[in-house]
Each structure stands twice: as structure tokens, then as C-alpha cells.
Amino acid sequence: MENDLKVFSGGANPGLAREICEHIGIPLSRLAASRFSNDNLFVQIQESVREKDVFVVQSFTQPASDHIMELMITLDALRSASARRITAVIPYYSYARSDKKDAPRISIAGRLIADLLKTAGANRVLTMDLHADSVHGFFSMPVDHLTAMPLICDYFRDTLDLSNTVVVATDAGGAKRVGRFAQHLNVSMAIIDKRRISDTAVRQGLVVGEVSGRDAVIFDDEISTGSTLVSTVETLEKAGVKRIFVGATHPVLCGRAVQNLKEASITEIVVSNTVHIPEEKQFPNLKVVSTAKLFARAIQRIHTGESVSALFREEPAQSAGAN
Amino acid sequence: MENDLKVFSGGANPGLAREICEHIGIPLSRLAASRFSNDNLFVQIQESVREKDVFVVQSFTQPASDHIMELMITLDALRSASARRITAVIPYYSYARSDKKDAPRISIAGRLIADLLKTAGANRVLTMDLHADSVHGFFSMPVDHLTAMPLICDYFRDTLDLSNTVVVATDAGGAKRVGRFAQHLNVSMAIIDKRRISDTAVRQGLVVGEVSGRDAVIFDDEISTGSTLVSTVETLEKAGVKRIFVGATHPVLCGRAVQNLKEASITEIVVSNTVHIPEEKQFPNLKVVSTAKLFARAIQRIHTGESVSALFREEPAQSAGAN
Amino acid sequence: MENDLKVFSGGANPGLAREICEHIGIPLSRLAASRFSNDNLFVQIQESVREKDVFVVQSFTQPASDHIMELMITLDALRSASARRITAVIPYYSYARSDKKDAPRISIAGRLIADLLKTAGANRVLTMDLHADSVHGFFSMPVDHLTAMPLICDYFRDTLDLSNTVVVATDAGGAKRVGRFAQHLNVSMAIIDKRRISDTAVRQGLVVGEVSGRDAVIFDDEISTGSTLVSTVETLEKAGVKRIFVGATHPVLCGRAVQNLKEASITEIVVSNTVHIPEEKQFPNLKVVSTAKLFARAIQRIHTGESVSALFREEPAQSAGAN
Amino acid sequence: MENDLKVFSGGANPGLAREICEHIGIPLSRLAASRFSNDNLFVQIQESVREKDVFVVQSFTQPASDHIMELMITLDALRSASARRITAVIPYYSYARSDKKDAPRISIAGRLIADLLKTAGANRVLTMDLHADSVHGFFSMPVDHLTAMPLICDYFRDTLDLSNTVVVATDAGGAKRVGRFAQHLNVSMAIIDKRRISDTAVRQGLVVGEVSGRDAVIFDDEISTGSTLVSTVETLEKAGVKRIFVGATHPVLCGRAVQNLKEASITEIVVSNTVHIPEEKQFPNLKVVSTAKLFARAIQRIHTGESVSALFREEPAQSAGAN
Amino acid sequence: MENDLKVFSGGANPGLAREICEHIGIPLSRLAASRFSNDNLFVQIQESVREKDVFVVQSFTQPASDHIMELMITLDALRSASARRITAVIPYYSYARSDKKDAPRISIAGRLIADLLKTAGANRVLTMDLHADSVHGFFSMPVDHLTAMPLICDYFRDTLDLSNTVVVATDAGGAKRVGRFAQHLNVSMAIIDKRRISDTAVRQGLVVGEVSGRDAVIFDDEISTGSTLVSTVETLEKAGVKRIFVGATHPVLCGRAVQNLKEASITEIVVSNTVHIPEEKQFPNLKVVSTAKLFARAIQRIHTGESVSALFREEPAQSAGAN
Amino acid sequence: MENDLKVFSGGANPGLAREICEHIGIPLSRLAASRFSNDNLFVQIQESVREKDVFVVQSFTQPASDHIMELMITLDALRSASARRITAVIPYYSYARSDKKDAPRISIAGRLIADLLKTAGANRVLTMDLHADSVHGFFSMPVDHLTAMPLICDYFRDTLDLSNTVVVATDAGGAKRVGRFAQHLNVSMAIIDKRRISDTAVRQGLVVGEVSGRDAVIFDDEISTGSTLVSTVETLEKAGVKRIFVGATHPVLCGRAVQNLKEASITEIVVSNTVHIPEEKQFPNLKVVSTAKLFARAIQRIHTGESVSALFREEPAQSAGAN
């Protein structure tokens, strides 16, 4: 039955896709992606997929529009080439951040992209640590929603004196995620209460909860420019924390992020490999844990029709909301 | 053009519907709802709706399944009777609470009901204070999402010494909502950090943030049995708060709720009328503010094609995410 | 392949579901259904259904809205848990009675519910004795439409002197069904011609056809309050029938039905178990024939891809319109 | 607003379309229909329909496939030419007869065609005397369902001694329709009970009800070959009726129908003009009543958004199930 | 697995369907198609197709509307009889000619029919030599698009002196197809440049390219009345060609086609059997090559999930755009 | 009614959008487009569009994926902000080039993007000179398809001695377009017959038709790198043409295009402004004709519901296939 299973990779993170295939024990299937001179993308699937169970790995990293379009054209090519079932594996679904109407006349793009993926031919989605739990409900197809949180927890469990640690959310919106993380590590939590003074200015945040004299782990779903992180670090330092650690699933690391993070008083940053980090962006106290085994297990279980949630019960890693 | 506008009411909250119509200055349109002996629901629209702009007001209150089925049959009857546009006005969308997969093999019913309403004939939805902002994205049709928060804020602004008040979330999941409320009142915030010890037991919550010696306003989207509220009140009392107030949009008040709330040390509870409170459930320190004018204005603006968000800018009341 | 087949039961008729499973030789699969305090229904599928062929048994009995909502939430949970195929087994589809527009501005709810079931995730439907044959056409998915008529026929064949029996329809709308039944038993038929005098009053019916001195079998699809049946019994008695029997598939038996039927001059009433009859509603001359074996056979044949219509040709039982 | 209304005619019954337009007081709009040499149909709309309210009149008469394809191509041309709303006016919807699964592995083509019309671009349907009431529910768009029964009733009211008249259904399936007709005329009813002896042979029917010495009106929805009618006439003659009349909405009159009807002992046959009867098929005792005024009124009311059901209340003509 | 595969034939070309089945080595499956007296088509599938992989062969030949309707009713019957997958095999898709808007307010019927086939139940399409390549994109389901061009090429390769042959397109629109054909045979090409003088008159065409003294092969996708062909022959004769041959996939041959072709100075005409040519239309210099083997291979590969494009690489025959 | 009409511009060609608005006599409506640090696009509509008739102008120019995503997010924002009707105005629809399956296992992306635009909220499309006429049929919504050909023709009519001019297609696929152009100018035509020697090598083309001693106008739909054009120029020079002109609608001009064109022996190049040409890419013998007036007229006519095809009949400009 394994010869029925094919994994393709879009251009965003082929390293992760290859690592996933190694864990499964199959070669990465071949496709050729190119760009016409008028900037049209072109994808050709280079092996027969008739009646196969196909997975396409593509994170929505920079350049995001190209990676999304490439994924959709690949899905359509697979569908018209008669694949039996097509699963879009999206380790980093960036548009999950566009999950509400917090201003008039905007798109909830997280829902729009979910609908577009369906139109393009996806039959199911496998993803990780969506910005909000309810983004799961934006999809009209089955979604398996994994989490890298246990991998990151494991790391800190070995590193920290948990009896004197507090987990910190960078704003009230992150309290829920951080609360779950604090529960995992069995430590207390705090949040930064940021106030908007005007449309453009945000007052320095206030710490809600006890942090003084403790090690603090700032926990978030993604790090993009790192500026929120930096201001949180400053707030925590003023509030008298001992050391500061950071945990986050998606290392988007754009703009001045690396510079910002290197300069900030952070002892260690733990992220996953849902987003590819090129060599030049890596630095000593940035620790990357791999999600490849987790994705490989999930793909195998989806393929064979075993329970994905059952898998994670026997392991330290746990999946919120996987079926 | 007003004669083009018709407002109907389902069986859940005809009082609110009538009040809305008074604000608009039109009579409530007539429909006859009944039940066959085999328990089939039957709805007949009793005036022509051809080419009319029709709104149906129905909260998903107890018995919720009947109220949802009644709404869907009404929507279908309106569609097949050639209404030009049909807006489901759902002051209390109870299933917004089913907004994520926090256990394996469950339905995200908040999304399911959104899809069912579309199948039944709704062209748009007007609702209030959904449990999570992103539930907005569950709907594939335009949604105007109002909030009763400014109405409730106004009440506390007149009642409390805001220089010594703290707003409290009953758990980490409510931090975001409470943060917004705290920002409105310009007061500080705290959250109750609850920990699950096992699948069934929840440890008494810890207060994260400063509450001692202050007036506390517990703020939530809905009150159902009131048991979460009661345990929060107890936690806050132990933590030394002065007085305790409660603000919530949806007074579901089921089971022993009224008894619980009367017995708890709560100075005053402020709720809206999205859920009808029968006379026997009312009690002295339960204050009800009406959302009828807000709904009426929104309906008129939807009908005439004016901006709904613009309306709320000129007023104390504000709408998050209305278009 | 049998381990690929799973049968679940909604709350309406678990006895029938268990009996069906016994005939198939598999255990009834487990789900947990409950109700939140705000009256939201909650369903959790308690075993993996990935890639399984799943059947959910649910009759639309009282409380019908709850049973329909429960079915839809179950279907959605199964779909998002990656079931391969989902068949809604609806022994009693009550809304088949809402099959036409006999008044202006109403819903043909039999069609609406069919569309809602599809939206909720049903891939096919297995049902029995729909009120009208063409309700089959309301579904946009494959339907297997069984009939309990042969089971009921068999019973009367053993009981009656068919040379002096007439089958009677309670009104002109039932003539077609009764004609088919008469053909099965090879006896003559009569109908009650009821006339509506005004919107509310119906004149006592006239007997069309010969009934005097014969045993009469009143045949209908369902018995709800029994009042139609009682007035038909009275009409037939005046017309001089010998004994009166009743045959009907769906024993809805609501309101004063049991009282009415016990008091009427009916020798015996034969119904099926598509609707669960609680102990307290049973009475001596009410005979229940089981449809479980028929449903079990149909489910097995649907599962293995054998002809459902072929099955019934080798047996006394026959299915109208099954594929 | 009338200049916003356009009525087109397919090739099936342009006479009726023109008569409808005369009643409305507008010219029939122009389209050119032709056939390529490879038998492809081609339709060009010959006036701008942008933002117009368009009606297309087409009965499904012989050659039915061509008339259905022509209608669908016309609907698609109108849609892509930006018509605001498109109503398919189908005076005779022949496939309403394919309304159930009375044999295994067949299509319920009445439903299929309803779905195809929607795919082709119809936004609503206006039709007359569908074979079964529930065929209305096959359509997923609004349907106005008129009836010619009052027009035919009026005719017999002037012609017959109603105190000695019985209305007769040609089989049990027609009992419901005939019951309604009998109620209209306030006369009694009878049915012919036909029995199928084998798959191919039908035993001569038995009369259920009193007919001897009375005038009989056989009432049906359509007359195609007339053979059912002829055998009913023979059965009634043997049963001793005085005179025989026939009423039917759709005069399909195919094959040997005219010959059969002329030779049968029928005093008068009253039909409508939903199906065009060419000169050579007309004969002295065939009376045709026009439905054009009824269609014209319905179209005007659909166009202006007035109640269609309200219209028929003030008039002798009545519509079952119009909105 | 072969016993899972069933091939049915519509009424258009049963000879081809039988020949296809012989190549596959299975019997043609049985269906009964008939016509009710009111001209409604009726199709009954005469063997169980539950969970089978079903192919229906139907060309859109005269009478095209009947053949299309018959196909759609068959597809619907198969779907509701629970076929696992349904492929419409359409050797000649006549409406591919309606592929653009070359006049205002017309239907692109090639797209409309593609949508109707999907609504009727087709899951995929297998077709041959569509009039334009992009018609492939009209279908929202997978299409395998075969070509008979290699079969026709092979014939000419054996017949002609390719060093002195030119391939000719009957108009500029056919240049692309003819260019591909010329490339296959490695000969030069020419086109007839036709000019429209008014809406109805077309000026005699001019030859663009060198043809004098050479053998010319006029190549087109279909021959319907043959009048374009005849005028092209005349133009080429005036331009001094030696001999004239004709190659075309679809021999529609309607109206005076046979007469025209016999009288024209054409040495030999090579067509395929996608359209059935009755005995009386055959004539000596009309050569028919069979596509049955090609269809058989494609069906087998679709059935077993092997690459269809791979197949044609090992053979002289090649398929443009098959997956 | 004009105040009901709003035109927005995406980021691809705001100059054209502003010019269109000037012709209509309305200001360009405002939207704010930006990019989050994680590369997510964000669009906010900055004025109310409730019940408005909205047009969004966006060409698919480089970076094409961003421009397509931006358009889709804008469409979704407009839809959820309750715009009455949304027309995507796409002067250059680049993916029209992906219109067929000329290799196995590829996407017909021109169709895919058409479906995505519909999912994103477009109700109609207004576009210009699609690569192939039948791409029109890829859209399931109404399309108005304009052409810049008359504008370009007008230019050459004033410039050339038409009695000694030939229009040239760069390959057989362009023959149809060029044939139409030749008909417009009433001059003769020629084509370049290019042969593929292997998968990567194309043999130098052969001229089919008479060009020696004449002025040649190479006519194509778009110019991207210009390399095809350059090789055509070389072929024509060898064939002895006098002067060479070029006409093309879409000046994509990417890569080394400008350099190539400047160096080639081309007297003048005439293009339209569907693609914005930045100052640094302009050069003396590149003549740009504006399509703004044509788009403005079409938008006005779509808005007011007048015939778009009628408009172009009274003018030199003509539209192929507009309704």
C-alpha cells in the first residue's frame, strides 16, 4: 500500500519534505516548477499519480503569494492527473493570522485561502499550530491540526528549573495558548497587557502576573520581525525577571528579525522547522527542533486510515484537535 | 423604500423583535408557526414577501434545536416565496461556543450551523458578540457582527470608581475579550488561571494580576449555569477584592443559574436582552440593557446600503468588525 | 471487509440499531452524545472511523428537531474524522409529509431537510416507506428506499380470509399506496372520500367502493394521533364492515393516540419498529413486526456493493425503488 | 418598469407565448434559433437583455430533447448576456412523470432536469399542473405552480347537471387529483382499480364507487396516446354511465391519440393550450381553453413582486401552491 | 479487478462500444433505453453497478439532443444506482465547435454541456480530437483527451510520397492543428485564407503557402456537409496541386455530404469511426480507421490507474494532453 | 445612478484605472493595500461599498502572484462589505496562455484562475484580448471580452501603404488572430511555420505565404521577452521584406525585451496600455495607444445595463464576443 503514497514538495521548504519522506521511507516524488517569461507559474507533475494518495508539502513563507499560487496550480495539476486523494500539507499557514474582522471592510483571508485551496483541488489539509484554534473551522474539508508544543516543551523541561519559571504571553490574545503551555510545563503564567493609545501608538505594556526573580519563557505561535518579542523582553527585564527564553513554532524571521533577536537579552530561542531558516539567518542561541517525524507519522496514519489522535497519545508529542 | 423592509420573528425572542420594529417604525410582519402531531415544525409566512428585503430575528435559546429548525424552515419558506434578500438576525448564536476541535472526532458545530443556514436560504447574518472573533469567518456570506460591550461599558462608567477597578477574565481564553473591555474603561485587568488536573477535575483557579482592595468587574460573553462565575467570585473574594460586578452579553441563565447568582456575592449583574429573560428569572440586582436600538440601526443601514461601521463611530456604542 | 463497516446509533431508536447490528454480526459502534448547559448538542465519535464505511441510524421521532440536529452534528463529526462514506439510515423520515406547497409561502421541508443532510455530510440515505414515492427525488444523493409492506402483508395473509377482505385508504391521497397493498394481497379496495367544507371543517367522509359485510384493513404509512384512523373506523362501521384491521409502517403514536386506538373498534393493529414504542404505549392488540433484518441486509449489500433490489427478489419482502 | 420585462419563446409553443405577451401588452422579444449541420443547436438573443427581467416560454413537447436543449442553451445565452433574472416558463413539464423509482436503477429524470435547468441558468420556474404535487420539491429554485383546473371546472359547471355527475380517476394514482376536482365541482368521485397481472399484462380495471346512470367526467393531468382513456371509457360504459366527458390540462395527443379519441364514446374533451395542437389534430368535440391570461397575470406579478397566490383568490382561477 | 469494470453504450455508436469491449475482453453491459409516448426518454441499467467503475460510450451524433439527453439520464441512473465512478466516453463531442463568443448574446454551448454532464453525474470524461485544445479547460472534471491523428498519419505515411506533399488547413483557424499534423509527417503546410465580404458572403479563399505540383492533404477535425472541403478542393485545383487527399477524425457526413465528397476531385478520404457511418453512406474511396483499440487501452489504464500518456509513448499513436 | 458606481484599482496598473475614471467622470475609489511582516497581503476598502456596483482594475503583470492574490483578497473584502455586484476588470489576463494540456499532468491554469476568481467573489469579468477566444468559456460568470485590435488597426491604417502590406503570424497558433487582423486591414497574410526538432530545439521557421518586397506587420497578443519576435524579424528579413512593424495588445516586456526590441530591425511597435510600461522601459519607436476610453465605455454600459456590443458598432473600435 505504501507504493500508493506519494509526497511532493512545493518550493517553500523542500528540506522538510525530504526529511518527512526519509521518516516514511519513500523517495520524494518529482515535479518541475518553473516560471514563464510573463511571470506565469508552471508546474508539471513528473510521475503518474493516477489513483494515488498524494500529499503536497508547502509552507506559506516568503514570497507567500508565489508559494500559495504554486501550491494551487500543483493541486489542480494533481486533480486533473487523476490523483485519488490530495492532501495539502501546510506546516506554516501564514494567513491564519487574518482570522477576524478587526477593522471594517477587510477580508478574513484565512477563510478565503481555505476556500481557494478547496477550489484548487485539495481534499484535506494537514497543518500545524494555526494562529487561532477556530481557524480549523474555516476549512470545509477534513483538517488534521498538529502541534509542535510538546517538542518545544520537552526542550525546556530539560533546560529549566520549572519550580521558578513563568510562561509569558506577549498580549492578551496569546493568553489562551500560553495557558495551555503553562499547564503542560506545570508552571505559572503572566501576560503583557498592551494598550492602544491611538490608532498608531501602543503604550508600553504592563505585566499582569508575578514574574520578578523568575526565569521567563515567552511563548508565541510565530516570530516574524521580532519587534513584539523585543518590547516584551524589555518589559520583562524592567519587571525584574532572571533569564528570558523564547519558544515559538514558526520562525518566519523576516526583515531585521535576526539582528533584533541577537541583540535582545534572550538566553535561548526554540523554534521548529515549519519555516525553512537559511544558513545565514541561523545563530548560536537559536535552537531548531524538527517536526518531520510528526508530519511523517501523521501522513502515514492518514494514508492507512489509522487514528491520528491515537498516535499522539502513546507519545510525548500531543496533537490538539487531530482526528 | 421602508415599505420594502420586513422584519419577522421566530419563537425565541419576539419581545426583542417587536422592540426592534418600534425603533425602525414598522409593524412586525406576521408568520404562523406550529407543530404537527408527528413533531414536524410548520411555518407559514402570512404576508407577501416577493422582492422584499426580509430580516428574521431568532436567538438560539432553549429549546435550541427547535429554534434553529424553525429559523431554517422560515428561511426556506421566505426564499421559495421569492424574498429578494434574507438576513438571519441571530442576537445569540449559541453554537459559536463549538468553535474548535478540542477533542478528537467532534464537529465544529459553529461552522456546521453556518453552512446549514446558508443551505436553508440565508443571504446574510446579523449577530452580536460571538464567543470568538474568528467565528465570523465560519460564514460564507456577509456577516455584520455587533457588540453590546459599549452599552455595558456605559453602565459601569456611571456606576464605578474607575480609578480603583479591575476587569477580570474567568479564564485565559477570555483574556482577549476582557483586555478590550479594560481598554474601553481604561482600567487594569486580571485573569483567573485555571488548571485541569485530570479529564474531569479542574483545580481552583489562581488570580494572575492585581485585584486586592479593588472593585472587580468579571466580564464574559455569556452566563449559562453561572457556575464558572460563582467559582470566580469565590476566588476573587479570597484574593481580597472590594465589590464584585458582572457584565455579560448573553443571559442564557439555565439550570440553577438564577439561584447561583442570587446567592453569590455580586453587587450587580449587567446583561443585554439578546436572550429573553422570563419574569420569574428576573431579580433585583440583574440589570438588563436593551440592544434593540442597535439592531434597528444596523437593519436600517443594511437595508439602505449605508455603512454599518460608520454608524457606530458617531455614537458611544461601537461595533467590532461590522462593515 | 466487515471490519470496515461501522454502525452508529443516534438517540431516537437505539434498540432498532442494536437489533440491526446483531443481524449483521458486528457490535454497535460507540458515540457519546450530550447537551451543554446552553442547550447546544455535543457528539463525540468514540472510535476511529478513518476510511471506514459508516452508517448512522436515526429516526425523526419526538423530539424531532433534537434528533435531526443530533444526526447532522454526528454526520459532520464523522466527515471531519475522515470516514470514507457516510450513510444516514433514517427508518422514519417524518418530514416526508412536508412534500408539497398546499398553501402559499410555506417550505417544502422534506426537500429542505434532504439538502441539509447533504450539507451536514451524508453521502447516501437508507430509508423506509416515505410518505410519497417522489420524496425519493428530493435527495441529491443515492437513496435506498425500503418498504415494510411485505412484512405487514405476510402478517395479514396468515390472519385474514382474503376472499372477503377489502383494503381501505383513509383519503384519496392514500389510494395509490392502498392500491399497491390490495394488489399484493389480491383483494379489492375502497377509499374514504373526505370533503373540506371550510378551512377548518371536514365533512364526514363517504365510502367509495364496496365494504359492507367484509373484513376491512385500513392501510396507511403512519399513525400519529390516530384521529384520522378513528374517524375512518366510524365511517366503516356505519357502512357495515365486519371486522376492522389496521396496517401502518410508522407507529408515531403521539398525544392521545394510544387511548384513541384502544377505544376504537379495531381487531388488530400491525405496525413496524421504525419508531420506538416505549413499554407504556404498548397494548395487547398492537402487533409490532421488526424491520431490523431488512435494514441489516440492505446495509450489508450497500457495504459490499451488491444489488439491493436483487436481494429482495429472492425473498417475500420487496423493496420499491431500491437499486 | 414594464420596459424591464422581456418574454421570449422557444420553439415549442410560440402561439401561447404571443398570446401571453398580448395579455401583458408587450411585444414578444426576438431570438434566432437554428441548427448547425452537425446537429448542434444555436440560439442568439436578438435584443439586449442586460439587467432585464426575462421569461422564456417553452413546453417540453415533441421533440422533447430538442426543446429541452434549446431552452437550456437559451438560458445560458441569457445569463452570459447579463440578464438580471431568468424565469423558465414551462407550461408542460413532461418529465414530471419521471417522479419516482418504480424500477431499480433508473433516473428520477424529473429531478435531473430540474437540476440541469438550474445549471443552465434558470433562476426560477413558472409551470402548470405538474404530474405530482411533490415534483415542486424537485426544484432548488422558487417555483410558481399554476393550475388549469379552475378553467376546466368552469367549463363543466356550465355544461353538466352536477347533481348527477361523478368524477372518475383512471387509476389509484390519480385519486388525489380527482378528489380535488370533485371537491371543486361538489360532486362524488370514483376510481378505476387496475391490477397488474404480470410485468406486461394489466387486467381490465374495476370501478370503485358509484357511476351507474350518471354523467362521468374522467379527469387527468395529460392525454398522450389516449389508450388509458379509451380503456377507462370502455370500463365506464360497461358499468352503465350515461355520458362521458374528459378533462385534462396537457393535450400531448401523440401517436394514434386523435383517432382513438374520435372513435371513443366521449361527448366532449376539454383541454388547455399548454401543448400546441396543430390544426390537423383538432376535432369538433375537443374544446381548448386558454391559459395565456393566467400565465400573463403570473408573469406580471412575479415581475412586480406582488403575490401570485393573492391574484388567484379574487378570481375563479385558483393556483395550488403558488406563492 | 476487471470484473469491476463495466462499459455501457448509448444509442449513438453501439458498434464502436462493442469493438472497445472486445479489445478489453469484457462483454458490453446491458441497459434498456426507450421512449414514452410523451417523448420522455427512459433508461434502465440492467445489471448491478454498485461500487463498479463504469464507462458510458456516447457520441453526440444526429439526433444530437436525444443522444445528449440519453447520456445524461444514463449518468444519473448510474449515479443513483451507486456506481463508484462514472466516465463519460464521448468519441465525438460535437459542441466543442461552440467554443467562443463570435457573436453577441450567444451561449458557449461547449462549456454549458460540460457543466450539464457534471450535474448529471459524470466524474470524468474521455474524448477525442476536440475542435479546439482549450475546450479541455471547459470541463471541471478530469478529461483524457485522445487523438486519432497518429492513426491517420500512419495511413498517409504508407500512401504518399512525403517529399512532395503539403498539408492544407481549410482556414486560418485550422492552421494550428494542421501545423501539428505537418510536423508529424515532416512535410510543409499551407492554409486557405478566407475573407468574409459581408455577414453572409465569403470571398473565394486565397492559398497562403506553396502547393503547386504537390500532393495535398487537407486536414480537419470533422467533415459535416463537406461544403468547406469542396470549396477548398476547388481552390487547390486552381492552384495547381497534383492529387488531393483528406484526413479528418469525425465523419459527421450530414445532408448532401456523401454526394459532395463523391463528386469532388479527392483521391482518398481517411476518417475514424468516432461517428458511426451507416452502410448506405459508405463509398469506395472513404477509408475508416478504428479508434476502438485506443479507447480500450485508455479505459483499461484509467481503470487500473496507470498513466494514459505513458501508454501512447510506446506506440505510434500519441495523445495530446492525456494525463 | 452614477454615484452607485465605484472603480477601485489594484497595484498593477493604477495609471490605467485613473484614466478610466476620468473618462467616466468619477474619482478613483480608495483602498489601502499593504503587506504584513510575514508577507501576508492586507487590503482595506476605505469607503462604504454597501449595495454599490463595484469594478476592480487589476492586470496580471509582474509580480503576477502578488497581483492575483491582491485582487482575490480585494474581491473577498468587497463581497463581505456587501457590494451589490463586483466586476473584476483584468486588462491583461496572463494565465490565458495556460489554456490547454500540451504536456501530461499539468494544470490548465487559465481555467483554475477563473474558478478561483469566482470563489473569491467576482460576479463578472471584463477583459481584453485573451490569448485564445475559447478562454472566454473558462469562466462560469458573464465575461465582456474587449479587443484593442481596432485601436491598433487605426494606427497602421494611417501609417502604411496597405496595398503592399502583409500581416504575419509568428506561428501557426497565431494564424487565426492574424487572419482577423488581415481582414480588418484588408491585406494579405503569412505565417511562420516553426518546427520542433526535439523537446528543446526549434528549427528556424519557414515563411508560409508571400512577403518579399512588402511591408510586414507582425501581429500578436502579447510581447514578453521579445525573443519570438526577434527570430520572426530575422526570418522575415531573410525573406526580403521591406519594413517591419509590430502590433500587440499586451506589452509585458520582461527580461531583455526592451534591449531585444531596440536592436531588432523594427520600424515601429504599437502596443496598448493594458500593461503599465515604466518610463525606463519606453523607447522612441514604441507607440502606446490607450484602452482607457474603451474600458470606461464598457464599464458605464455594464453599469447602466446597456448593450456593450451595441456600443462598439457605432465606433471604429469593435469588440469580439462582448454581449
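A, B, C, D, E and F label the chains in the order they appear, each numbered from 1.
Note that in this section contacts are C-beta pairs under 8 Å (C-beta built on N, C-alpha and C of every residue); 3 or more make two chains touch, one makes a residue touch a chain.
These figures come from a predicted structure and were not determined experimentally.
Colleague: Give me the fewest steps it takes to get from chain A to chain D if each step has to go to a chain it touches.
Modeller: Shortest path length, in steps: 2.
Colleague: Suppose each chain is reduced to the average of its Cα coordinates; what separation in Å results between chain A and chain E?
Modeller: Once rounded, the distance between the two centres reads 50 Å.
Colleague: Counting in whole Å, what is the centre-to-centre distance of chain E and chain F, each centre being its mean C-alpha position?
Modeller: 32
Colleague: What parts of chain B, by residue number, touch at least two of the other chains?
Modeller: Residues 48, 80-81, 101, 103-105, 108, 115, 143, 307-308, 323 of chain B touch two or more partner chains.
Colleague: Graph of touching chains, which shape: line, ring, star, complete, other?
Modeller: Basically it's none of the tidy shapes, so other.
Colleague: Can you work out from the touch definition every pair of chains that touches here?
Modeller: Pairwise, the chains that meet the contact rule are A-B, A-C, A-E, A-F, B-C, B-D, B-F, C-D, C-E, D-E, D-F, E-F.
Colleague: Where on chain E is chain A touching in the complex?
Modeller: Of all residues in chain E, those touching chain A are 124, 142-143, 301-302, 304-308, 310, 323.
Colleague: Going by the contact rule at the top, pick out the chain A residues touching chain E in the complex.
Modeller: Going by the criterion above, the answer is residues 48, 50-52, 79-82, 84.
Colleague: Taking the touch rule as given, give the residues of chain A at its contact with chain F in the complex, in rising order.
Modeller: Chain A residues touching chain F: 36-46, 48-49, 60-66, 68-70, 72-74, 76-78, 80-81, 94-95, 97-98, 101, 103-109, 112, 115-116, 118-120, 222, 224-225, 252, 254-255.
Colleague: Which residues of chain F touch chain E once you look at their complex with the stated criterion?
Modeller: Against chain E, the touching part of chain F is residues 99-105, 108, 110-111, 115, 132-138, 140, 143, 145, 169, 171-173, 175-176, 178-180, 182-183, 188-191, 193, 195-196, 206, 208-210, 307, 309, 320-323.
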